[in-house]
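Heads up, the next two complexes both have chain A, just with different partners, chain B and then chain C.
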Partner chain A sequence: MQCKKYDIPENLYYDTNDFWIKVNGDEAVVGMTDYGQSNTGDILYLELSSGGETFKQGDRFGSIESGKWVGNLTAPLSGLVIDNNNEVERNPRKVNADAYGEGWMYRLKLSNPDEVKSLMAAKEYSEWVAQQINSEEEIG
Partner chain B sequence: MDLYNLGAVSWWESQCYYHAMAHLGREGLIVCYPSSPYVCLGLHDDLDQEINREYCDIRGIPIFRRETGGGVVYLDNQQVFFQLVLKRDNPQLPLRRHRYYEKFLHPAISVYRHFGVPAELKIPADIVAEGRKCSGNACGDVGDCVAYVGNILLGFDFSVMSNILRVPYPQFREHLRQAMQSNMTTLKDWVNYSITYDDLASRLIDGFTTQWGELNPQIPDQELIDKSSEIYQRSISNEWLEMPGRRYYDRKIKIAEGVMLMERKINLNSSAVVLVRDGKVEDINVFGKKEIENKLRGYQGINKAEYAEDFSC
Partner chain C sequence: MQENWRLLDTGCLPAAHNMALDQVILNARSANLVPNTVRYLQFAPHCVLVGYHQSVELEVEEEYCREHGIEINRRITGGGNLYWDESQLGWELYAPKNTPGIPRRLDDMYRLMCESVVAGLEKLGVKAKFRPTNDIEVEGRKISGTGGTEIGDAFLYQGTLLTDFDVDTMINALKLPIKKLEDKQVDSFKQRVTCLKEVLGYLPPMEQIKAALAEGISEVLGITLEPSGLTEVEKKAFKQELPKFQSEDWIRGLRIMPQENDLKVAEHKTPGGLIRVSLRLDRNRQCIKSAFITGDFFAYPERSIMDLEAVLKNSSCMPADVLNTVRQFFITHEVNIPGVDVEDFYHALYLAMDKGW
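After this line comes the complex of A and B, so read on.
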């Protein structure tokens, strides 16, 4: 599925912080969406939390920097970090280049799988992205 | 929107008030300048890699780590700060944060132009005049807000700045100073009379008033003062200052948007200082064994392409 020029794979969940979440039982892989990486611009630095750390949904679980902007990465679901992608820490532009592939960020063990219900499916996220694009156009 | 036209403040207040406002979720504009010099790291800068701590200790120059992006800056009373804090859900704030720089920097560009400086925006976040940087700017999500910070340079001490940064050897430091002097400019280069803080501040405030409507003058209240003090205490802790940051194998220092000075090690005995502009090598100077230097100089054209190959800034 696409919204404007942005890829939105149908087999993933999404949140309003522009994370994609691939759920497999009580585990999930997390990364930034195509729309999210495009908004962020060239990613110059990524600081990911280490394996073994636990987070609640909405907690800060990393930090990101693009040209003169710094922002937080916010956990889309509660859980334990099983693994992080060291390769994107070394080369953050992989998130720009391959958001749904080599640009993945975390593998999580979910502590509350019911939270998945709070995420958006691809169609819903696509509508949300369209709304955001319209708002941006209104700001000018 | 609230306006805090604070004039001279202590070095740490010149950073902590806007952080405090952002953490408290309060929108507003601060205009001020620090009464004494200090060094300010970006959130992801690595202290040990970036800073010549011995020099800072001897000169009594304090170090602060801000929560916004960008690199190390030397700040003193020759710079007027403008700091805008907006809630993240402010409808005027684009999701593409860098798009807001154009609007945020417009009042400062107008001030420069008023004084005859042909200032213009260089995307994403520099102000340049005839290709030379004349303002340092940064932004970051802080608490539930976004903070945009910038400054107008009345003057700049290139010598102190080049001493504050950690460099691999003395010749690199001299090239750093020269690169900054060649690629930066300040109001003193364009105006041969004294410009007061009040004049700059009032013009900046006029510019932001045009964007945001009438601003409400305020003085820091107890909540803001208390939060600022709390942030100051954190900011001077070793844990915060020595937080690990981005590291490079070879030393790289960003001079201005698109301009980088970097070291390239050749072997154990020699290395090169390389000035890169818009991804292309502009100058190379080799330091080390004379014979290696001479040999490399003969092949400089080839090496320039090699050095440029994997680099963009």
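After this line comes the complex of A and C, so read on.
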């Protein structure tokens, strides 16, 4: 699926912080969406939390820098970090180049899989992205 | 009716105090405990600040700083290494990200924030303008650099304003792409920045500068600024946060990823003259951290080389990307350099990048 020029794969969940979430049982892989990386611009630094750390949905679990702006990475679901992508920390441009592939950030063990219900499916996220683009165009 | 924002002037403070206040005020704004705020800040003693994700070791001439009483600290915002002496003025804006009229898209937000300061500078008789990604310049020379961050739903956007600036100390205190260069080239580097005193021929009193910026910010953002102080909540939080910002753990950075800041210099002879390129590279991140280009060629428009340096800063150092960046730049900026073409610039950059790969 596409919204304007942005890819939105149908087999993933999404949140309003522009994360994609691939759920497999009580585990999930998390990364930034195509729209999210485009909005952020060339990513210069990523700081990811380490394996073994636990987070609640909405907690800050890393930071991202582009264009002299330090943004927060916000946990889309509660859980334990099983693994983080060291390669993308070393070379954050991989998020820009391959947001849904080599640009993945975390593998999580979910502590509350019911939270998945709070995420958006591809169609819903596509509508949300379209709204964001429209409001950006209105502000100019 | 215009929205009221707080105008806060915290005067001259040590680096750790100013960095702690950034955190405290942003936290307080995020928790809706304080109004939207414009803060002026100054530093005493002079200091060097690295960006949130930067390595002190790679960005700062630590021995020089120690010998000259220059403090070192880390910002909570992004961007590069900065030298602040007592004469510089910092400006900051704190507000929610969904503030009406403030774009959500970062590039648009940078432009609006910088244009509010540009409007202030105009009150002083300075014709400045926004230079993407997020600098303010006067005739191609940088007078204000900016950066930002966010906590929860609130953001902090901040910048420096060079009023009267000691360029030599800056060059000595920071690791810049000009070490090992001859005096003539260092002089050329100094032309990349300017300050109010140089532009106007005199230095207006600080109070006049602050009033002009406040007027410009108010006009562009459509707000009314009301002078006020820190709240009791902020004062209490400041006492709690200060030790963190004074600690070596914060200054050195506990989670700084391995990075590089290699200086690479190359020359390329063309029919139009010699091109000298000096780059700071982080090859792990495939990134040109900064670029400095000189030579004995003639570029039209004259400022195009400084604009090219700005475009190359933080861009990809993969050869195909560099060629694309330089080609696009020559097309969009209508650059004309007799006897020198796009491929010559690419070749000079490639020679520098190729060293030590």
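In this text, the second predicted complex is superposed on the first by the 140 of 140 C-alpha atoms of A that agree within 3 Å, B and C clash if a C-alpha of one lies under 4 Å from a C-alpha of the other, contacts with A are read in each partner's own complex, and residues count from 1 in each chain.
As a working rule, contacts are C-beta pairs under 8 Å (C-beta built on N, C-alpha and C of every residue); 3 or more make two chains touch, one makes a residue touch a chain.
Note that the structure is a prediction, hence the values are computed from the model and not measured.
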Exercise. Superpose on chain A as described above, then tell me if chain B and chain C fit or clash.
Key: clash
Quiz item: Per the overlay, which chain contacts more chain A residues, chain B or chain C?
Solution: C
Practice problem: Scan A:87 for contacts with chain B and chain C and give back first, second, both or neither. | Solution: neither
Quiz item: What is the contact status of A:124 with respect to chain B (first) and chain C (second): first, second, both, or neither?
Solution: neither
Practice problem: Identify the partner contact of A:136: answer first if only chain B is touched, second if only chain C is, both if each is, neither if none is. | Solution: both
Quiz item: Looking at the overlay, does A:26 come into contact with chain B only (first), chain C only (second), both, or neither?
Solution: neither
Exercise. Once the structures are superposed on A, label A:39 by its partner contacts, choosing first (chain B), second (chain C), both or neither.
Key: both
Exercise. Would you check which partner chain A:7 touches, where first means chain B only, second means chain C only, and both and neither mean what they say?
Key: neither
Quiz item: Which residues would you name on chain A as touching chain B in one complex and chain C in the other?
Solution: 39, 41, 44-45, 47, 63, 65-72, 132, 135-136, 139
Quiz item: In their complex, what parts of chain A are in touch with chain B?
Solution: 39, 41, 44-45, 47, 63, 65-72, 132, 135-136, 139
Quiz item: Considering the complex alone, what residue numbers of chain B touch chain A?
Solution: 42-44, 67-70, 91-92, 94-98, 101, 124-125, 137-141, 245-246
Exercise. Could you please specify the touching residues of chain C with respect to chain A in the complex?
Key: 51-53, 76-80, 101, 103-108, 110, 133-134, 145-151, 255, 257-258, 284-287, 314-316
Practice problem: Can you check the complex and tell me which residues of chain A touch chain C? | Solution: 39-42, 44-47, 63, 65-72, 89-93, 132, 135-136, 139-140
